[in-house]
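Dropping a structure here in structure tokens format, bear with me for questions.
Residue numbering begins at 1 within each chain, and the chains themselves are lettered A, B, C and D in the order written.
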């Protein structure tokens, strides 16, 4: 459906993340290797953290591969925390308010996958969103609803718990409407300091997700790789698909897993949805 | 906020409606005379009826004044029932799904004005929309919610009654939230045969609305006016502001009035919102 | 690089041409089978002839596959002469003035391929354009230059001769600049009555081009094919690649050939560039 | 026609330049006070210098007033040398390649005004452009031609002399074609260190141009003005119209003048076109 990339570490030029790798996100916009769709041309987005409290977001409804603004901005913006997403719409309109990452205060959120039967469950899910958050919704994607459910359930305090409750609610709601596998997702969210990434699907056959191996080890392994040696030791990437063919550089994230990247270190924990009844 | 035009009568070239008049809608996009805003450059839309069951709709997020596609389409499309709208956003995003006219089956709907405090009342209003219609909403305007409330209350059977109930509900909901004047609107809707236009505001100071005088009389009055003589005797226009300075050509629609145009004849009736309690 | 379709015959709904076929042009925008590029997402265009003297043109910089305006217009516009083109840019900007078909008066022109080393030869070619036509150029594609060279050499009087001279000039100019194979093209042009399509490349390895077999024969061959039986006996299509898998429906146009469709009949003639010295 | 702003001085947040002033450039996009057109809604552009050798450029075909990307980028980009431009097209298409500022290597260039009868003189002017620069032209504005003429005549070595020769050539060419007043311009160009701004028209009635008074003096004069006290002592602005009503803050640039801002100091010199014969 889509492809995304989450970077955290020492500040890098966006160009180095989005254009330089062999199988960069911009390359994936035209020719994704592992995506459900090969082409991800229904808009894109970049979110990055700088000096201000709130992250910057740039959204476009044009394909990433030929976007000149993206190329220029990527050549001039440096950040230590970057989210980027290319979209293959599954039906909802191609408009900036449907482009990821979504933002709420200091938080960014992006998603690859879908909520099955979204049109059917949309109203029930919308009602479960905190009334004070309801007015914030501007687009028409399932992702924006998922994000606001997670916010409703405390994303800003405990992201894994909030996402678990949001997914639990969506699964219960979906099943009540006869949907066998309500959730298909790889999701990333960040407050600018810590990044959480989730791989999960009701069916147990989730979209691909990878995280980068330890950079220091890689640098020793590949002493001549210039790109690697540009990366700081604290660099971490979570991506829909590997950005290149370097052996050992990418590890698949297991099903039903949450990856947490904080202070240059990664933690993997099991991700289990929490049904509403159990809350 | 916006400006619009509703035409019904013998088929005309869209160009004659949208470009030829001295104060045409395209002119108004850059320099409206009577609008709350002089510039209406936040996108536009055209809806027209042809052979298919459903009307065609063309939406654009660019200003109308320099849009080459609009000029070309207007030069090639002929229709006997045309809605056109230019937008001045009051805050909601400039995207095609926020452009008027909105469509549901054979129906078109467009609006100039606003629902006051929309962010505050949006959730309550959304909940009042028929669940089977809820999933259809794709944009984020107050107008799309107003349209779906009217559909919920039977727009397809009795438009004046349905709009009266929708407005009544919005007023009651708004007042419950402390909003003094919840509705400001001139609205037009059509099923392709009959057109209904409404001028109303809770405050009793509604946006401007005019309808065209009888074309036959005008033709006698102005024997040399080529544009007039192109129009068929059955032509009726309802517009946010006069398309020119011809004396006698335009009559203001009174406050709290519904104009119905059917089979080449116009009827004016009082428009009174119906509060939910009274239904 | 691109894909295109030229239809002439009894009036058809654009939707039947652009959406209904199994391998329609809209399908090709996402997944071309025979194109140099699989994705043709850098804008598109449609040109069609109706009542006015000049054909209508609709250009968009967004991919065709999710464009809602295209779908609506295609569902409402009927024409007996239609050009449509989906673009995969080879470097020039994605902007409406670079979208095909190009128009000059009653004429349309579209192209798949490229002029090799265009940046190098652009100035020399631009100087060869008739000064009275020079000011008309609005975009930055090689195709617009090729079109204006053909106009310079009499496209409106004798299209095959004019295109032969334009190609001859481009080849001579290119070779002077050390370009081995200056022209790669399948081109179509029409005045609304006759359509001329060319398949040619300096290298002798041109982009794919097909024309439709005789519709009457096909209808007899496939008595149950509804789509075929909708087409009038005079329908002719020239396309970058077959619109479906029907055996016998599509014949490849040979290298260095001009297909002329006039009054429901097709003529194939050899296409040979004419070098400037020989004029 | 258009409005622009050129800033040089200590690094500032773009937001402070483009949004904060009472009559900011974004305000002017909707309601210019002194422009030939009140509305400047046909796209905009921002160019800024950061760490890379080449300035960044962001162009959009949408009006500036509601552009969310511009707002976000302005809130995150800081630069000591900023060009920004809002466009009111005088006929050429609304496309990114027609948006100012234009860029060549380290150089930016922007323009308010027009070359009279551009369609007539375009070919002669294009031929005068250095052949090695000709292939760079991507849009269809008079400004891009003016810029490339200035580059041809040595803009990178001596901007005032190069602009004088470009203007001289355009005037001579125009007059040969019977154009009385060929040039109307306020122009700014920069290499990222020095900024040159020109006010000139063949007619001697040029579009408005202002430069900022000495900031230190202003700060003493207005001890309570927060915005002023944010500006560094070395801040210089050249603008199409004052950004506010502060008395003494803005001085009109005289007719036929070049303003040079270098190392925090301003020089005013006479600007006199140089006719080609005299070179």
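Operating definition for what follows: a contact is a pair of C-beta atoms (placed from the backbone, for glycine too) under 8 Å apart; a residue touches a chain by one contact, two chains touch by 3 or more.
Remember, predicted model here, so these are calculated numbers, not experimental data.
Q: According to the touch definition, list the chains common to the neighbour sets of subunit A and subunit B.
A: C, D
Q: Rounding to the nearest 5 degrees, give the angle of the rotation that lays the CA atoms of subunit B over those of subunit C.
A: Here the rotation carrying subunit B onto subunit C measures out at 180 degrees.
Q: With centres defined as the mean C-alpha position, give me the subunit A-subunit C separation in Å.
A: Going by mean C-alpha positions, subunit A sits 41 Å from subunit C.
Q: Check each residue of subunit A and list the ones that touch at least two other chains.
A: As it turns out, subunit A has residues touching two or more other chains at 68, 93, 96.
Q: Which residues of subunit B touch subunit D in the complex?
A: That would be residues 30-31, 38-39, 41-42, 61-63, 65-66, 68, 89, 93-94 of subunit B.
Q: So in the complex, the part of subunit D that touches subunit A is made up of which residues?
A: Within the complex, subunit D touches subunit A at residues 48, 50-52, 54, 56-60, 68-69, 72-73, 75-78, 96.
Q: Quick check: in the complex, which residue numbers of subunit B touch subunit A?
A: 92-93, 95-97, 118-120, 122-123, 126-127, 131, 134-135, 137-140
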